[in-house]
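Look for chain A in each of the two complexes below; its partner is chain B in the first and chain C in the second.
Coming up: the complex of A and B.
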């Protein structure tokens, strides 16, 4: 481990922390454009977080310590995930700490803490949100794991940096198994990040929301951390997608020029992915909560199809 | 031996000490002070000793001993090898925590006299120890039956309640059906030599047909004890009926005796079963895992919920075992070793986490007198110690990193990824799908655990009486603490533990894991794959980020906090009935997996003055597989009753015919 690697690692974490809210802002901006609305600034999520940090926290009378601890744990889990996912470089010190399966476990830890915190105050919406969040979670997690299995069969490893390295060494081509899993992964990304076909990030209509229902009782700095963690989660999922499906351009050595290239390419990928996400959200309608399992079952099916194609055709 | 006594003799002495403690309970059976504060801590001390001895003996070569007790010419054979050591370690470590807890738990002396409980409890412990040490079929069956009987009496401690008597009877019946299958399996395994020592069975090379029979009988026998679906019906009845420390022991340790038995038979006594035999436990295991976790999600009784979760974990263990058999039979020895290590690791983990949670429900039960999730809630305020210690168990059982439950699941998923290399067409495509089902079961387990913890400890108390609940006493906290600590340690130091467990796979002839050159904090089970997991780094990074975030918020911003009523979207007038009940939280699962359940539901009409909602969830297996057995037995009995004419002449005729037939056979 040389100091340069640690520097790049810290740079990656800082980049994730900074870029995540902007990425969210970019998605919102694209969505507004596509929907013929006047678009908010991409910096808006920042201003929201900053404002929230300055406010006085109001906490429900019967909230326990778990309620106050959870935002920090969720935020910590998301930052750790950002440190593990190879976003700009593959040879980093902390990436070894967890492979893709452990990463899924880490995201599940964040989800469980979020749900437990939502149940803590004992409101009707909190428990409703927790129940729905866990339902989406248990449906999305196997689909995500099968996606990872497919890729790890192709690369003979479950370590994300190695996957990114081995895939980026190949020529730019779309294998059938990866095409199926890419569809599955996109569906999981939408569901896990409370995006439109499954949940609506813009709604506060009580009976349809999932993610917002979990955060209802939070305010001020706790809410800021939760919002930031949610933005980081979207960023992390995008970076997992890049590492697995379009790893080209990621820095595999330790030279400063390749790193700069890698950062620039990441920016381009994020811009395109953000627009794509906004496009999907614009052309689809929100499903009823009980259609969400069908949506995720489809994702699972696509992932399994990818697995079978991989095993049958070997490509 | 450098220290005079061999590990086997020390283990024997400790098991004998348990027997003595058991008998000492009869000296002053009614004295709670004597039984709870002297005998149970002594039992815990023996457990600790057993843990240490088992861990130390793990690296040594197998050791045998013949005790000239029992019937003439049938001495008791004992053997301590790696596999026995691992399970003795599990027994010792889990029983340490449970005995400390029990010292505080039995203070009120429920049902039977505490001395009697002490007798049964310690006999139960000692008999499980003997199961792991036995090296001939007689000793094994003796220990096995002692275990079944002592636990039967523990289950029926509160025999005044009819349901508990029924549960106990069902348990005893299933235990004996299982024991018959095991006995028959041993009968096949001796292979015509008529020597029932395990050595003779290892030497007897069965032809493939008889090996299949022996394996299937063992699977039925041990599967019954383990609660493999469809042989599981006794488990969700018996485990909740017992006092909580006993439930902990049964779910945590006793189920593992069955796992021990099946590993002993398939990898040691049989040598190596045909690879395709492994598909049976994989199929049954995956089905059990999903069935158990789906039913756990629908339960409203906290101990039944945990019992169904045990069925899930047994399913995971048997899936792993089947996979190891497939790998071993296909010549993939290192993959088989990895899988078997994952299974052993998960067995130990499950012993810790499930015992922790069962004991926690005991503490809740004592504090509130309530087992129904629908009448609990908000206990984190009244019972913070129990709540936070149980949170560790809950997170571990939900399979979340960096705790122990995740490590074994991770290892098992890693080994499933080898399955596409199995040299059998189609099977190598179906097996990776098994990994997908396993992932589904694991994700559902997280759902179940959020429900379990959230409904009991979080939210508002659903009954006014809960506001008087008190936290557990010192002994109970200590017992919970020991097991919670074990969960954390086994999560953070997987490489060390796997190095110990490799001894077992090496002794079973599968070879250990390749060493690689990974540092001690990094777990890289297969060096060429470079899949790594370092829980310690992982945990440190999360902790660092959490501490930094808290510090930053404190330094750069204010920390003003105001307490106010919950917002709840401004609806106001919040009461505890607005929270999800246990039924409500399980509703998505009931909806999704409807065909599995037998649901009886009474819905209130909109005009009811006192609306009442009732939901009973039954097990389809019970109605379709078990209930028809009773009428069938009766019908057969009716037919057979025709023989009994009630006239002496007829009976004399029977005797005469029998004699003639026997004579004809002899000549």
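Coming up: the complex of A and C.
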């Protein structure tokens, strides 16, 4: 393997680690602007993480080893996922090592550990959150898989870097199947990252919450890792979306200039996507938990329709 | 992948949107929204017809587009809205099958119609032959909409949506039916709609509701 490729790969992972909290901060800032509130700094998630790393960890008495292990597993899974997803370049060693189905499996692993850790201490809130998380997960996963199948069908491969390369080489055209799957993917992204129609990321201790309930027992460095992992998850999902639906400008060679271009374009895409996400969250209302399956069934339907249209019309 | 010409891309997109609208109608419980979706489906049909007319240079397709615009986008939805207001029916009762199950049946229907339409598409020589499967799916899903609803109003909307599918099917298989058939069908739909409008009032007067369940029992049993 080319040492330069490994260097770029490491750079990509470092970029994901650094950019993820800023991206989250940017979404929060846009949301505040759109809701006429004074906006928090984009660096706020960083400060939160730094503050948490400096605190002393308090762990419940009856917590097992799994509870301590889970933050590292979840964080590790998210970092690996960030390495697999082609965010800045496609010809990278780890990026080419695994395909999109393995990626979905990796995300599922993180979810399982997160839920197990939440149930571990045995508080009512943790168990409730874990159950809800699993409910959302088992509905969102098939939708995500069908989305990936549609693009795989279009590109005859399940490897994300190949998909990104083929789609970016293709001339701009109106493809209904991809449009449907893009809608489905956006809905899955909202549900999986605990964004507004399904969960409210801004609340603590509310009966409707999902993601925050899972983390209630964590403190200090464990909580910092969990929150960083959540920011990374959002970043990862955004990058999957870019790779599949707007792959233009991604570096397919290994020259430094195309790489710089690719990084700059990624920044622009993230800014736009963050604003779009904030906009969706501002105009939609939080659904009751019992309506969440309907929301995700709609996402699944969109994805399946995309698949059928792809098979029917071949476009 | 070879890129299609842009008008065919647009036609494919319109076909896909028609299918999407059929599913939206299948899941919609409010009758007012159902009628709006029907009008939207008609509007998509008009755009598709105009595009096809422009592509083929067929004069009579312009006429049928105008006919569709007048009848299915403006007149029939207006008539339905008026009926809804005068009858005071805004919601359908809970459909016979729950929404998610209906959706799954709908997906199966699309797969079935794809299989059904494949030999026909292979025989057709039009550029839009791939959409025949979608047209069949729109017809069958509209049929499913009619089957799963109880209120007479939503059944009529399903019936009109079925006609839309038929129209789209004829368009993609043979660039539209002969003018005389098209006029005949339009007249039929119009008259059926007017007669059904009278029927609604009769049904309501007889049973105090528009639920078609009442029509199933014989007079002697009551």
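The rule we apply is simple: the second predicted complex is superposed on the first by the 313 of 315 C-alpha atoms of A that agree within 3 Å, B and C clash if a C-alpha of one lies under 4 Å from a C-alpha of the other, contacts with A are read in each partner's own complex, and residues count from 1 in each chain.
Operating definition for what follows: a contact is a pair of C-beta atoms (placed from the backbone, for glycine too) under 8 Å apart; a residue touches a chain by one contact, two chains touch by 3 or more.
Since the structure is predicted, the reported quantities are computational estimates derived from the model, not experimental observations.
Touching more residues of chain A than its counterpart among chain B and chain C is B.
Applying the stated contact rule after C-alpha superposition, one finds that A:282 touches neither chain B nor chain C. Once the two complexes are overlaid on the shared chain, A:304 sits against chain B and chain C alike. With both structures placed on the common chain, the touch criterion links A:313 to chain C but leaves chain B unconnected. Look at A:72: by the touch rule set out above, it reaches chain B but stays clear of chain C.
When the two complexes are overlaid on their common chain A, residue A:154 makes contact with chain C while staying clear of chain B. With both structures placed on the common chain, the touch criterion links A:252 to neither chain B nor chain C.
Shared-chain residue A:171: touches chain C; no touch with chain B. Overlap of the chain B and chain C contact sets on chain A: residues 293, 304, 308, 311-312.
Across the complex, chain A meets chain C through its residues 154, 170-171, 173-177, 179-180, 293-294, 297, 301, 304-305, 308-309, 311-315.
The touching residues of chain C, when paired with chain A in their complex, are 1, 3-4, 6, 9-10, 12-13, 15-17, 19-20, 23, 99-100, 103, 107, 110-111, 114, 130-131, 133-134. By the touch criterion stated above, chain B contacts chain A in their complex at residues 377-378, 380-381, 391, 395, 398-401, 406, 410, 413-414, 417, 420, 428-429, 432-433, 435-437, 439-440, 442-444, 446-447, 449-451, 453-455, 458-460, 522, 528-534, 537-538, 541-543, 545-546, 549-550, 553, 556-558, 560-569, 571, 574, 576, 578-580, 584-585, 587-588, 591-592.
Contact residues on chain A toward chain B in their complex (touch as defined above): 53-54, 56-64, 66, 72-73, 75-77, 79-80, 83, 94, 96-99, 101-102, 105-106, 108-109, 111-112, 115-116, 119-128, 130-132, 134-135, 137-139, 141-142, 145-146, 149, 152-153, 156-159, 162, 204, 206, 216-217, 221, 225, 290, 293, 300, 303-304, 307-308, 311-312.
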